[in-house]
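Several structures are given next for inspection.
Below are two complexes that have chain A in common, paired first with chain B and then with chain C.
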Partner chain A sequence: MIFYIIKRLLSVLVTFFIVSLIVFLMMHSVPGGPFDGNDMPVSEAVRAKLMASLGLDQPLWVQYVNYMRGVLTLDFGVPFQAPGETVLSLLADAWPPSLLLGGLGVLIGAPLGILLGMAAALKRNSWIDYVASTLSTLGLTIPVFVISMLLILVFAVWLNWLPANGWGKPERWVLPIIAYAAIPLATYARYTRSAMLDVLHRPFVTALRAKGLSERRIIFQHVLRNAAIPMVTVFLPMFIGTATGSIFVEAMFRVPGLGSYFVSSISNRDYPLEMALVLMVTIATCIAYLISDIAYAWLNPRIRLGDD
Partner chain B sequence: MNALLKFVGALTLAAGLSAAPVLAETKLTVPGGSTTGTYMDYMKTVYARASGSELLQLPLTSFDNEYQLTPLAAESWTQSADGLTWTFKLRAGLTWSDGLPLTAGDYVFALQHAASTGYDFAWYWDFAGGIKGWKDVTESKADASTLGLKAVDDTTLEITTATPKPYLPSVVSLLYPVPKHQFDKFGDDWSTNVDNVVSSGPFKLKSWEKSNNSVVLVKNDTYTGPWPAEVDELTIDPSVGAPEVGMPAFLAGDLAFTYLNAGQIPVMKQRAPESIRTNAVFATSYISFDLDSAPFNNADVRRAFYYAVNRDELTTTVLKDIAIPAGSILPPSYPGYNPEIVKQAVFDPAKAKEFLAKAGFPDGNGFPKIEIWLREEGGYNGAILPPMAQYLQSQFKQVLGVDMGIKIMPGKDWMEGLQQKKNNIFIAPYEYDYLDPSNFYGIFYNGGRHRYFVKEYDDLVAKADSATDWDERYKLYQAAEQVMIDQGLIVPLVHPIIMAVVSDSLTGAGVTPNSQGFTPLDRIGNFLYSHISEKQ
Partner chain C sequence: MAIDIATTKTTKPRGPLWFAWRRFVANKAAVVGGIVLLILCLAAIFAPLFTKGDPTAQDYLTQSLAFPSAEFLFGVDDLGRDFFTRIVFGARVSLSIGFAAATFSVLIGIPLGALAGYYGGKIDWLVMRVIELFSVVPSLLAAMLLGALTGGGYGTIIIVAALFGWVNVCLLVRAQVKSFREKEFVRAAQALGATPWYIIRRHLIPNSVSPIIVGFVLAIPLAMMLEASLSFLGIGVPPPTPSWGQMISSGINFVFFYWHMALFPTAALAITVLATTLFGDGLRDALDPTLKGR
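Presenting the complex of A and B:
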């Protein structure tokens, strides 16, 4: 197992460098630079000064080596769109709101989805199943910005129970958390329902019933544990995806989070920030999958990691 | 007895004072523009400036809600006999928010620093400002001290231009001071760190949320100039700039006003017609071409497109309420607007077909398939450009028999395509920077924005820019635009109209329609935020 983890960690490093190189080349091959796109173009002389001020006058390979040398010491450079900050300080300020709202969204949405999925599977073809299926289909198909807008309309404008948007006070977190929770809830409800149904029809469940085990013990101790295996692989990557912010949820609810940086770093050709975000998500996703695989093996003893 | 009376009088006065009503602090939240901002300094960057930069510093002049030029830091100005040197007299007693005096030297430093370090708005002080030596300094061929700028004393600023610029007082509405004393201490970080920012205008910076470029400004108590702030605290929040986000926030009472998108206009017209404000933006959307490559290197082809647009139908159907027809590059009410030019821009399908046939493409036969490029936009352009492109696509097919594709692209790609002539037809929007016809005509002058080099046009514009007599300038600009029409250099399409809904609790000239029925709102932020308050 330890050898497997070391091997996987090394592959994470290789992935990290390959991704960094591909992203670096891709972002520099996109037309336009940080100082293009203004209503009146800058002259060549002015452009040269501006490019030099950001170190963009150097050959590409020098820029890449300099950047990656910095990354190895956790120096991700200075974002073009916030020159008084460092990339790390910018992300350190913006990530907590995303982590809080997105993280709570998953932590609330996932268990609720599991409960909903379980209820749907245990009461198959009943009204509970239909309601759960409808809810999960709606959660997956309605775009999150529409859900956000409906939440604002109902709870802020019509009922006037909660603030429409903004950041700071806990009551402002409620609506974005619900919006964030929609997808995990819907995803988990569907996953749980199908996984539970799959397991419920296996012979060992019939055997357990024949042994006289209580239905509650069968469901929680045996069925749910087996059904949880595919869900585990989904959880962490979903957590990473949600806790790094949503462009739409954060825009609709005016959350000063990470989501907008994914767009603005690309549209502003903010290369240091763009690289940092991609590398951060790459590392987080790789580690999330590694942990998922380990958890998968722990839950399913038939799987032996690193035995090949 | 006398002492007793005094004592009773003092008691009465004290009681009266303590019973006097305490005015509540006025705090407003308003929508902002870009969700990213780099420096809190208009003289460092215009296109990537932080929210509220213009409200923190005091320009020499500004415009009121009637678009009348108004002195701000400058009290008066004079022009030398040769028309080249302007002397601006600053008001006495102006200070920075840290108590140090605001001097003519701070305005000189602002431009010297901008010219020598790379300023994304450098074209403005070259073409529009025409400051002597500007080009040489931006190209590092001369030192910034050689610029035509001089602080004669603390309250006298002299600006010398290379050619006469009769409209310079209007141009310096975008000349903001830079606090040299702070720059000397912190370098460019004076405008990236909230603690280092000092202001000379009606507001001070309280906080700045960099993730969405929202700022909180408070009244600057040291400010002694005209147009002081009437609100105590102003939050400018770009994250509610989009009407889709702004409207729910407005309805929930969180916003002082919000702009409306095309779908929201009819709803609000029905729900709160008295709260709607309209503004004709000094902006124009037009078609431009690559004049050097086929098929648009033929003026007859370009003129065919000029006559093939039904602007009235366009603005009463797909762009209803959000645009009006454009017959000139200059919008109505803008200085130099010329009805003689405008009336030539008619929809004349027969003439359009005739020009196309003359160019060798009768009924569009043999005309290559073209693709019009437009850029992704937010705000009013975002609502106008895509439906307008679709309308033009069908109109050009119907009238000219021309097949035209549409490509919407990011702004940087679009500008690169335009500048490097990667395509031959574009839809280009442009909003004014200063109130003078030279602004709009300048975008086609000597390369400018479109890499147009049309000598006849350039000569007329150059002459018009430096003519001191307004009537003469007017005629020269008219002649220049006639060249544009005769050669089909552009096809003016529409001028945008923007609508906003304003909270009933607001009062003041900033939210009151002007004599033409328009309310510029934050298009003239200096005026709005010093002429707006809450009803008590």
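Presenting the complex of A and C:
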């Protein structure tokens, strides 16, 4: 087990370096630089000085080594679009709205999805099964900005129940939270249904029924417990997925969060910010998968990690 | 004579395709999805015949932002272009990118999957590590970077979508090849001295047709979503080429007063992606019941 975790951590490190190298090279081969913009034209001499002060005049590999040296001490550099701050402080300011809305979305969507999936599995081929499978197909296929737009059209424009965008008052959070909740709800409805059906058909459930255990106790104490194992493993990767979801949700609902930086860092050639965002999401994804795998083995002793 | 027909009818051998067809037809959602997809494809191909023609022509500037009417089925957009024409021509962009990217995904995925499945060992390890790398990097962020790197545009999106679309095809083909590699007829071919390339081409790939078709069809909606997402963010298909993602992103600015600017591209994208996915899922369940989706 310990060996397995060490091995996986090493592979996370390798992935980190490969991804950072690829992203670094890609970013720097994008035509144009951070001071080519037309909104703030600078003379050739000033630009050279700016580039030198940011170390952009040095050979690429020197820049990469310097950058990675900083990353190891959690120094992600200074974002070009806000030179007075560091990348970390900029992201620290942007991150609460995203975490609040995305977190609430997952925390509301996941339990609802589990309930829906349970109902669908227990009442197979009933109307609730059809509702659950329709909702999960819709949630998993339709892009999140389409869902957001439909929410705005229905609840803000036609019914006029809720404000369409903005930040501050809690009623402005409702629609973005529903948009964030769509994917967890759909994922969990589908996973729970298939996991429950899988467990319900196992012989031990028949044995429990023959023993005369009440259906409720069979479902909650035995079936759900076994079905929960695969469900636990999708939670963290899905939670990380809200980070990329925020790009669209926050653009649609005008939320001042992390999302807008993903786009602005790329269009402004803001290398440090861009690099930090991509690396953070990648690392978070790797670690989420690792924790999920460990949790899976811990919950299900039949799995032995590191055998293959 | 009549008896003959009756007996031949009952004893007629049923091929696996016939059963697959029966399973597919029994799945109503998949049939509806397939019909909608077919209609959309026909609409995209014959777009000039039933629309006002050029989707970029600003012929109705005096009626800018007009609401839907008999003359303008979906209204007019902010730049004086007939919106119905733009939506229909948007299907061309979306579907052609979907099909082209799926084709390239299959072209990359088949050889890599076949090699990894047939040889196993080091090649398999390498292919699986590459796939692992692709699965931890968020595809959207990578696509955004690649889009910025190449300046966006139609061809770039196809390449980027294929770059992330081949993984599924590769995994499906690899699993199929792996399970067929140990079969007797492959052993026999090896014993007769057939080269690995011959065996892959003549035996293993033809036996992987079902997963290849499934991988192809399921890659289409993913590519269409990627195109729409990138165009929504302004780094996809550049204007004035009509793209639904682009129209949605400008529609959000008009949503309160000119709802048609927001509703129609949103509905078009949702319906297309949904129909394609339902069709693909149905095809997967019909062609290979063991792959049945979770």
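Rule of thumb we're sticking to: the second predicted complex is superposed on the first by the 277 of 308 C-alpha atoms of A that agree within 3 Å, B and C clash if a C-alpha of one lies under 4 Å from a C-alpha of the other, contacts with A are read in each partner's own complex, and residues count from 1 in each chain.
As a convention for this text, contacts are C-beta pairs under 8 Å (C-beta built on N, C-alpha and C of every residue); 3 or more make two chains touch, one makes a residue touch a chain.
Model, not experiment: these values are computed from the prediction.
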### Query
Touching A:73 in the superposition: chain B (first), chain C (second), both, neither?
neither
### Task
Look at A:125 in the shared chain and tell me whether it touches chain B only, chain C only, both, or neither; answer first, second, both or neither.
neither
### Message
Which partner chains sit in contact with A:267 here, chain B, chain C, both or neither? Use first/second/both/neither.
### Response
both
### Query
Regarding the shared-chain residue A:150, is it in contact with chain B (first), chain C (second), both, or neither?
second
### Message
Going by the contact rule set out at the top, does A:252 touch chain B (first), chain C (second), both, or neither?
### Response
both
### Message
I'd like to know which partner A:289 touches here: chain B for first, chain C for second, both or neither.
### Response
second
### Query
Where does A:81 make contact in the superposed view: on chain B (first), on chain C (second), on both, or on neither?
first
### Task
Tell me which partner A:26 touches in the superposition: chain B (first), chain C (second), both or neither.
second
### Task
Go through chain A and flag every residue that touches chain B in one model and chain C in the other.
30-31, 149, 152-153, 156-157, 164, 251-252, 267
#### Entry: Residue ranges of chain B touching chain A (in the complex, touch as defined)
35-39, 46-48, 117-124, 126, 138-140, 188-189, 192-193, 209-212, 214, 237, 239-240, 242, 244-245, 248-249, 251-252, 254, 375, 410-417, 419, 430-431, 443, 448-449
### Message
Give the list of chain C residues in touch with chain A in this complex.
### Response
132-133, 136-138, 140-142, 144-146, 148-149, 151, 221, 225, 228-229, 232-235, 248-249, 251-252, 255-256, 259, 262-263, 266, 269-270, 273-274, 277-278, 281, 294
### Query
Residues of chain A touching chain B in their complex?
30-33, 35-43, 45-50, 52-53, 80-85, 90, 93-94, 149, 152-153, 156-157, 160, 163-166, 251-252, 254, 256-258, 260-261, 264, 267-269
### Message
For the complex, give me every residue of chain A touching chain C.
### Response
15, 18-19, 23, 26-27, 29-31, 137-138, 141-143, 145-146, 149-150, 152-153, 156-157, 164, 190-191, 194, 243-244, 247-248, 251-252, 262-263, 266-267, 274, 277-278, 281-282, 285-286, 289
